[in-house]
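As written, the chains take the letters A, B and C, and residue 1 is the first residue of each chain.
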Amino acid sequence: MSVSYRLSEIAAQLGGRVLGNADAIVTQIASLETAQPDQITFLTNSRYLGQLAVTRAGAVILAEQDADLTELPRIISDNPYAYFARVSALLNPLPEVKPGIHHSAIIGAGAIIDATASVAATVVIGEGAKIGAHSVIGEGCSIGANVVIGSRARLYPRVVVYHDCLIGDDLIAHSGVVIGADGFGIAMDRGRWLKIPQIGRVVIGNDVEIGANTTIDRGALDDTVIEDGVKMDNMVMIAHNVRIGAHTAIAGCAGVAGSSTVGRYCLIGGMAGITGHVKIADHVEIAGFTMISKSITEAGSYSGGYPFSKTDDWRRNALHLRRLDELVKRIKKLEKELDCIKSDK
Amino acid sequence: MSVSYRLSEIAAQLGGRVLGNADAIVTQIASLETAQPDQITFLTNSRYLGQLAVTRAGAVILAEQDADLTELPRIISDNPYAYFARVSALLNPLPEVKPGIHHSAIIGAGAIIDATASVAATVVIGEGAKIGAHSVIGEGCSIGANVVIGSRARLYPRVVVYHDCLIGDDLIAHSGVVIGADGFGIAMDRGRWLKIPQIGRVVIGNDVEIGANTTIDRGALDDTVIEDGVKMDNMVMIAHNVRIGAHTAIAGCAGVAGSSTVGRYCLIGGMAGITGHVKIADHVEIAGFTMISKSITEAGSYSGGYPFSKTDDWRRNALHLRRLDELVKRIKKLEKELDCIKSDK
Amino acid sequence: MSVSYRLSEIAAQLGGRVLGNADAIVTQIASLETAQPDQITFLTNSRYLGQLAVTRAGAVILAEQDADLTELPRIISDNPYAYFARVSALLNPLPEVKPGIHHSAIIGAGAIIDATASVAATVVIGEGAKIGAHSVIGEGCSIGANVVIGSRARLYPRVVVYHDCLIGDDLIAHSGVVIGADGFGIAMDRGRWLKIPQIGRVVIGNDVEIGANTTIDRGALDDTVIEDGVKMDNMVMIAHNVRIGAHTAIAGCAGVAGSSTVGRYCLIGGMAGITGHVKIADHVEIAGFTMISKSITEAGSYSGGYPFSKTDDWRRNALHLRRLDELVKRIKKLEKELDCIKSDK
């Protein structure tokens, strides 16, 4: 498969203003460093100005204020990074969906699969499930009974969706994703854990992407909810009864414990963890490796990673952390004594 | 499927004392906030007293000391949370197991599958494996050669159990669980890593639950052991030759490194990590996000997460951590000097 | 399957010097503590000298300087731990590969599968993919279109490799591994995230092992690269456009964020995290639970875990971390005041 576009054709589809040769043809997008003469590149950070000067690219996407930094054919955009995303999607269309159900797929009674959907080999779809128009269910996926998946979903191989979960349009779920497994609900009773049945569902809005091997547990009583436009990286853990607000992005290996609510437009860094039963406001940014142990009521940026150093230095320094309280008391004592001395004079 | 019970019937099965209308009928369990008149709810925390006053529930489970806080039909239990778990199980029975082997399953020579067990589509069961009575092997599971799984196991879709592992009764394993993959054993030899064959097994007791995408590695020489009643959340990592004591509960994304032993009735928080070759006593509680870097010989609660703050504040504070040792020396110097001054007087 | 070797036969194959009865026969390798008279054990750490004295093993592997510590038949090696790995491989040969394609496997048009390779039940192999000699593709694996996998690969059940990825010889990939899923690339555009197509590949060298449920994302524009001899434990997360240098070993649940480069012969501890866009030098050792937030240019050992303590102590100490900057200012003030007092004298 090979596509090519003139700059003028790109701008006609995506907007932006062309400077220089509008008939320049590009077939792929690439970084400033690796782009070839038949490729278009982009400048989103002035750090890379040096690379712009020597790029072999045939065309460039850049911002208005950078319009004159190159004489290459170029498209001017008010958001070059988003424009890059759109051009890349134009030059790299998804493989065409071949509608139909592979003969090795097993379809439960009463399941309704849209005629335009594609169900790959060895898929198992439970009773009463619904798969929307133009959705693609990759090989080996398991879709539980009564699950509803909207239109244009793209489930890569080996995704599991447990029974009764409800998923909107345009879901992308990568391989190994597990949606709707039981939340971790146990009650101690005379020395043994009793299982608390997890009778809620997972409810996912439109336009959500979920990275490889991420797990989203079903609710204990009520539902776990992922709102529209949420984007999750790989190996994210969403516990039962969590709600993730619309357009929040969560980086790899982060986790949100049970019954917590994360606001809209939050950014959660890799390996960050949010404890259970807290509420995070909208527009909160949490740095990677940060433990959020209580609610955050105010938008802003929050951090909590321990700064690394050479192991010998770390050992020397870390020792004191276990005696910090004592240290503070010693400082207080010094202050008092010094006050005495000063007042003595 | 729909079930309904009178309070008197529930108490007859599960114990507890009914107050008010013992003929009240309930069909589902729900939280104080969302319960409907045909549903039963529960009070386990005085924080929710306000919700009790306004709940629309038809009945309530509560403790003896709270018996008079509502006039709704109610069941009094000495452990309302455990009682809630039992009532929920009563009202939400698991779907009936349909015994039999799906025609698309592939069963190895000499494998013994109990006639009451259920083996779903596209399952692969290795040579000589044994599946016990009433066990359910979900679609796409892979059970290795000579694996033994006891009675009433419930393996959700896409669980993998490597060869020779030994599993007791009543296992619940959620999708994506991998039991018995090779432990991480390598030996450096003249600039290259040699693989150390992992010839131990995973041995799992009775009544264990394992969350989605959790991995439990087989032993290098001896076995990795999960004792009775252990409960694990999603994406827990149990390395080779670890032993987890009976009735210990491990929250999501926690990990235990190679050859460590965790005691009985421990509680390990989410994203906590236990280093290799250490021993954790019984009844130890480890907070989430805590790194356990050495053995713990005494029961109790342990923590080690770094407290988060606004990023600007964090940056200012964290800087000093790399110079804490120097800071302590400055305090010592101050103390000495002050002592001098005092003794001078 | 049962194998047995005389010490003389082992030494003939693997080198080393036999002391004592070279005709002693061993059938398995075991630890000092559990070894039986027909088994060989090894001493790699003087900590275990006490166990050597009482071991029931029939033979021992040990270092030159320890040659006289036992009278058991023994093999002297300059690297007993590596020798143990080799002996274990000798005594525990992998099950023989039965070449052929299971009738339930689905093979795409134009895929080339070596006649000596083994493709298990329910495998799906995409169009144009190539599987090399003596490779084993476990049940339920999904190999994308145009993927190339070299010789002697061993993919355990349920591994997914997305389209176009390129893998060298001798790969071991454990169950649940996902290679080549989309990296986490999104661009904000007027309140919505746009997906950035991930058009790079994953390129993996020779002799790489990847633990269960580990994910390695494909590159955004260029490739994600895993060099020769890299060893990864379970649930490791390698983000897009990362490069991992040859012979680096990464323990469980560690992660490397986008576009970072890790050098050769690095050791990365469990749950450690490396932020995006940094460069780690060769021969760097990173302790478990350490957040690497900037580049490391010098070989050596680095740490950053927060030391745990009893929760009450931790609470008292951790409080001060949020006011460390203020504390340092108080110390500065004390120093100044003391200086004044001293100069006053």
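As a working rule, a contact is a pair of C-beta atoms (placed from the backbone, for glycine too) under 8 Å apart; a residue touches a chain by one contact, two chains touch by 3 or more.
Remember, it's a predicted structure, so these values are computed and weren't measured experimentally.
Shared numbers divided by all numbers used gives the overlap of an interface; between chain B and chain C this overlap falls below half, so the copies present different residues.
The copies chain A and chain B differ by a rotation of 120 degrees on their C-alpha atoms, rounded to the nearest 5.
Centroid to centroid, with C-alpha atoms defining each point, chain B and chain C lie 25 Å apart. Counting partners per residue, chain C has 104, 122, 140, 158, 176, 213, 235, 253, 271, 305-307, 309, 318-319, 321, 327, 331, 334, 338, 341 as the residues that reach two or more other chains. Against chain A, in their complex, chain C makes its touches with residues 104, 106, 122, 124, 140, 142, 158, 160, 162, 176, 178, 181-182, 184-189, 191-197, 199, 213, 215, 217, 221-222, 235, 237, 239, 253, 255, 257, 271, 273, 275, 285-287, 290-293, 300-307, 309, 313, 316-321, 327, 330-331, 334, 337-338, 341, 344.
The touching residues of chain A, when paired with chain C in their complex, are 28-31, 34, 79, 81-82, 84-86, 88-89, 92, 102, 104, 120-122, 138-140, 156-158, 172, 174-176, 207, 209, 211-213, 229, 231, 233-235, 247, 249, 251-253, 270-271, 288-289, 305-312, 314-315, 318-319, 321-325, 327-328, 331, 334-335, 338, 341-342, 345.
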